[in-house]
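There are structures below to look over.
In the two complexes below, chain A is the common chain; its partner is chain B in one and chain C in the other.
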Partner chain A sequence: MSAFEFLIISLGTFGALNGILVLGLNLQFGTAGILNLSYFTAVAVSAYATGVAELHHAPGGLVQYIGGFGWPFLPSILFGMAVGAGFTFLLGSMAFLRLREDYLGLTLFAVQAGCLLVVTDYPPLFDGPRGLVGLSGPFQSTLSASGFQVEFLALTVVVLVAVLLVLQRIDRSPLGRIFRAVRDDETAAAAVGQDPWRRKTAAFVIGGATAGLGGALFATYVGGWDPGAWQTPETLVLLSALVVGGRGRPLGALLGSLFLIEGINEAGLWIPTIANRPDLLPSLQGIATAAALFAFLWWRPQGILPERRERVADFERRRRRLAPRRVRRTAGATEPGRLA
Partner chain B sequence: MGKTDMSLIDRRRQRRRGAVTGATSSERPEGGAMLRLDHVAYSYGGVQAVRDVSLEVSRGEFCGLIGPNGAGKSTLIDCISGRATSYSGAVHIDGEEVTGWGLQRTAEFGLVRTFQTSRVFSRLSVVSDVLVGARDQEGTTVASAIRGGWRENERRHVADVVSMLDRFSIGHVANNLGSELSGGQRRLVELSRAILTRPRMLLLDEPFAGVSPVARKELARHLRSLCEQDGLTVLMVEHRLDLVEQLCDRIYVMAEGTILACGSMAELRRNSSVTSAYLGKSASADRLAAE
Partner chain C sequence: MLHSIGFGLVDASILAIAALGFSLQFGVTNYVNFAYGAYLSFGAYMAVWSNSGPLHLSIWLSMVVAAVTTGMFSWVVDRGFLAPFIRRRSGLIFALIITFTLSLVLDDVYIVIWGTTFRELNYSAPHTMSVGPFLWSQYDVIFMACSILLLIAMMALLGRTRLGRMMRAMGDDLDLARVCGFRTRRVTSAVAVISGALAGLAGVMLAIEQHTFTTSIGDNVLFLILGSVILGGIGRPAGAVLGAILVGVSVQVAVLFIPAGLAPVLVFVALIAVMLLRPEGLLGATTRPAGQL
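Up next, the complex of A and B:
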């Protein structure tokens, strides 16, 4: 595999992984209005959970971590995802009872900072700053390096498409409408019988499960996870991608991720060192990300793809799409040639 | 709709509302108190907003609640609806004690309210906004949303929504966002949403404020027919005494946190304490009589 091919495949894989993450955050923030500044904590919890499920027992000495079940790839991923969803549920069920808006965002931000400190400073948990290493993907030991890259790209793209379809279905359903109603006005939603706590928790947990899936796959692809992978700015970059792409719309979130994260952040990693200054490029990336965010907030605050507005004609179109299927079912054998 | 078409949560919700037992509003026994308040009192920030209020609204009755500004009418509505929960006294709805219930639980039980300052969902279109209130919607749980099969049910609700918006002369803004509406339109959207929930009882806080004469007439007619034909119970706070007289079977007058009097408009006009408290000047009693 040439360097260019490796670049494209790598960008594609990271693009799909970041796409999964941004879709989960879109449901939480874009659709349900939950400013989750600790989104990457759920990603990290799942990544660590996947790691301790897949790795064998800690060899001892300087390397220490809990768990070490030695499970295969799929059960480890599902375990990581379940732990991430469970963590999110616990967090949300406590936070939403009393906290709103700014206070909720600040509290969740503090949760991430606290978790980061605990994990970094308590090595028996996940080996402290060194983190977990040695994770492997499906059939990685039997495939060549380039073969594994292609396989993992295909896997993440399939998962991304599946996640997009599921979250789009939720977004366009009456449940998605209720999420947006609770986002816009909790009191008005409660006044017609919708439970804001229950609805927000549901959106939070689904987003957390999506974050967990992305985190589990991320850790497997890069072969490990450490505190450096989930610093506070990571969530801010995802939020920026949402704003640029169009919050409240899954496809918009994906576009924002492609433009901001893949286009500026990830692709920039492959640019050679400028003027012998390895620190220059990351700084320029940060500036470019901020500039793009400001530009969109100034000129196009609704993002590349604004949130979809439901119109009466949309329901009519859905009715007409339904009708031919019903005709086909009732027509049956008497009109075999009839098209849907 | 068959039982199997509804999720567990929806069936539990319906059971709570008595619908599964067949006790729809038209089948419940006539008369009897739909709403009963026993010595309800509420204070906040050192202000005794509601003092020892006891009242009853019969099933199927259209009751008015009038009084000067600052009388505590909206606060009393907040207590009844569950928006304020730290009140003393007791609130009963259709024989069930709902004291201390929150806004969502009370609404789910069938008592739905509107607000003095209309609340619409600013980033939803009007048709979506009103749809949020629709009862017996499918696709409102995670499993049913992913599984699908709720389009036909949604289509029926949309037809109801469009019909209601046209009735109130706001069909032309069905595709507008809540943030794009005028004050009167917002009020009608909020009312449509509340009516679409098919409640047992409606608490309306100044429903006609800012509404055009044409829409006002249709709204009054529709509310009255819901009462007479479907047995809906209404308690309405309103300043427009002509509408109160036209619509209400009985009127409570509230001032300084207490109920002053109860009766028809004619009886209230003859009550000197009512005219004095409402308008503050004996000469203004003529204005009240003229209205």
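Up next, the complex of A and C:
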């Protein structure tokens, strides 16, 4: 496989992985209105969980981490997802009890900052700044390097399509409508019998499970996971993709991730090192991402593909599908109280 | 143990100054300014520029320069960027996204301008003195004195001046304050300057405390600042300082008993507990931010 082919394939894989992640955030923020600044922490939790499930026991000495079960690929992924969803559930259920809007944003931000601090400075958990290494994807040992790349690309694309279909289904279902109702007017939703806490937690957890899936796949693809992979700006990248592409619409979110994340990443590959400062490029990419976010927030906050507004025609169509019109009786049939 | 409390009090003083500014901003404008950590970093780098740069000012003058320039910077950002954005897209969620993005943009801009090398300030070496049971350097004592003075100044500002009264009114009910004829944009600008200056000052103190630092110096303490402010109660200067003392001292003391890396967990747990049990903080918040149920 030539370097160019490798580039294209890995871009595609990263694109699919980012797509999965953005879809999860879209459910939490776009549909349910929860600004989750700690989204990438859930991704990291799952990545680490997958790692400690897949790796064997810590060899000791300088390398230390908890767990180390030595499981194969699939159980590790599922374990990672479950831990990620569990973490999200714990966090969400506590936070939504008493907090709204800015205090919620503050708390989630603090959670993300605190987790980073703890994991980085306390090596016994996940080997601190070094992180976990040596993770592998399915059948990686039996495939060639290029074969593995192709296989993982296929895997992530399949998973992406599956996640997209599932989340679109949720988005268009009554559950999706309930999420949007709670987002738009919590008091009104509560007044008609929806429990905001339950609904928000549900959306949060489904999004968290998606984050977990993405994180688990990410970690096994790159072969490791360390604090550098989940710094604070990571959530911003996903958020920008969401706002640019279309908040609340899964396809829009995916579009945003393709244009913005892949676009900026790819643009970075073509720019030569500027002024002998290799650290400049990531910062410029960050500024570009933020600039796109600001631009869209200023001029078009709904994004490129806005959320579908339900129209009367949609409602009518649904009503007809669920309750087909019965054949009217011909005029003159006996009906008490009816004039001719 | 007593030494740890002493060190904790020094940390607490720096945190307190930062927390005073943050609490003021949050209490008056009712949105979280995540970019506050970036203002701290700005102050530290302004001190580097005036101290080690062409001007070669003494460290004390550099602190003043840092405070003043950061206040101005904060004013420019508020007037030119934050305020127009929040006017155009009002709503708490937007304000959060915008300030969060702003903090990360500023971080990137700092790297572009100043690079990622570690910086140092030029100052005469600290000599440690025994003050009672504590071990403090002359810088530590000055920092603590500053924080006490600034606390008194802040309480006087909010409690006894007309500007302070307008700030408190805006924090309670922005529309009503406008109806009463208060020039809310001016007050917001004033808040930006004051909180920016406090952030700049705290940033320099932090830089002195840590000896070497990079552009992320402010963001690293933002977590502790948030903890202090929420613990003590939004909008109350005394609350911010109380929270800072609790956080600063407990982190230093906790290091004696638990591994150093786990100290943030303490702040973490305290934060979650406060959020769930008493979101208005220990001393009670002066405003009811939208976040409370």
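Here is the rule we use: the second predicted complex is superposed on the first by the 305 of 340 C-alpha atoms of A that agree within 3 Å, B and C clash if a C-alpha of one lies under 4 Å from a C-alpha of the other, contacts with A are read in each partner's own complex, and residues count from 1 in each chain.
Quick note on the criterion: a residue touches a chain if its C-beta (ideal position, glycine included) is under 8 Å from a C-beta of that chain, and two chains touch if they have at least 3 such contacts.
These numbers come from a predicted model, not from an experiment.
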item	value
Partners on chain A (chain B, chain C) - clash or fit	fit
Which superposed partner A:137 touches (first chain B, second chain C, both, neither)	neither
Touched partner set for A:110, first chain B, second chain C, both or neither	second
Chain B versus chain C as contact partner of A:283, first or second or both or neither	second
Partner chain(s) touched by A:212 [first = chain B, second = chain C, both, neither]	neither
Touching partner for A:303 - first (chain B), second (chain C), both, neither	neither
More chain A residues in contact - chain B or chain C	C
Contacts of A:122 with chain B and chain C, given as first, second, both or neither	second
Which of chain B and chain C A:102 touches, first, second, both or neither	second
Distance in angstrom between the closest Cα atoms of chain C and chain B, superposition on A	12
Chain A positions touched by chain B in one structure and by chain C in the second	none
In the complex, chain B residues that touch chain A	13, 81, 83, 102-104, 107-108, 112-115, 119-125, 127-129, 131-133, 137-142, 144-146, 148, 150-152, 154-155, 158, 162, 174-175, 177-178, 190, 193-194, 197
In the complex with chain C, residue positions of chain A that touch it	33, 35, 37, 94-95, 97-107, 109-111, 113-114, 117-118, 120-124, 128, 232-233, 236, 239-240, 243, 277, 279-280, 282-284, 286-287, 290-291, 293-294, 297-298, 301
Chain A partner contacts - residues on chain C that touch it in the complex	30-32, 34, 85, 88-89, 92-98, 100-102, 104-105, 107-109, 111-112, 115-116, 219, 222-223, 226-227, 230, 259-262, 264-265, 267-268, 271-272, 275-276, 279, 289-293
Chain B partner contacts - residues on chain A that touch it in the complex	166, 169-170, 173-178, 180-181, 183-185, 187-196, 202, 206, 248, 307, 309-313, 315, 318-319, 322
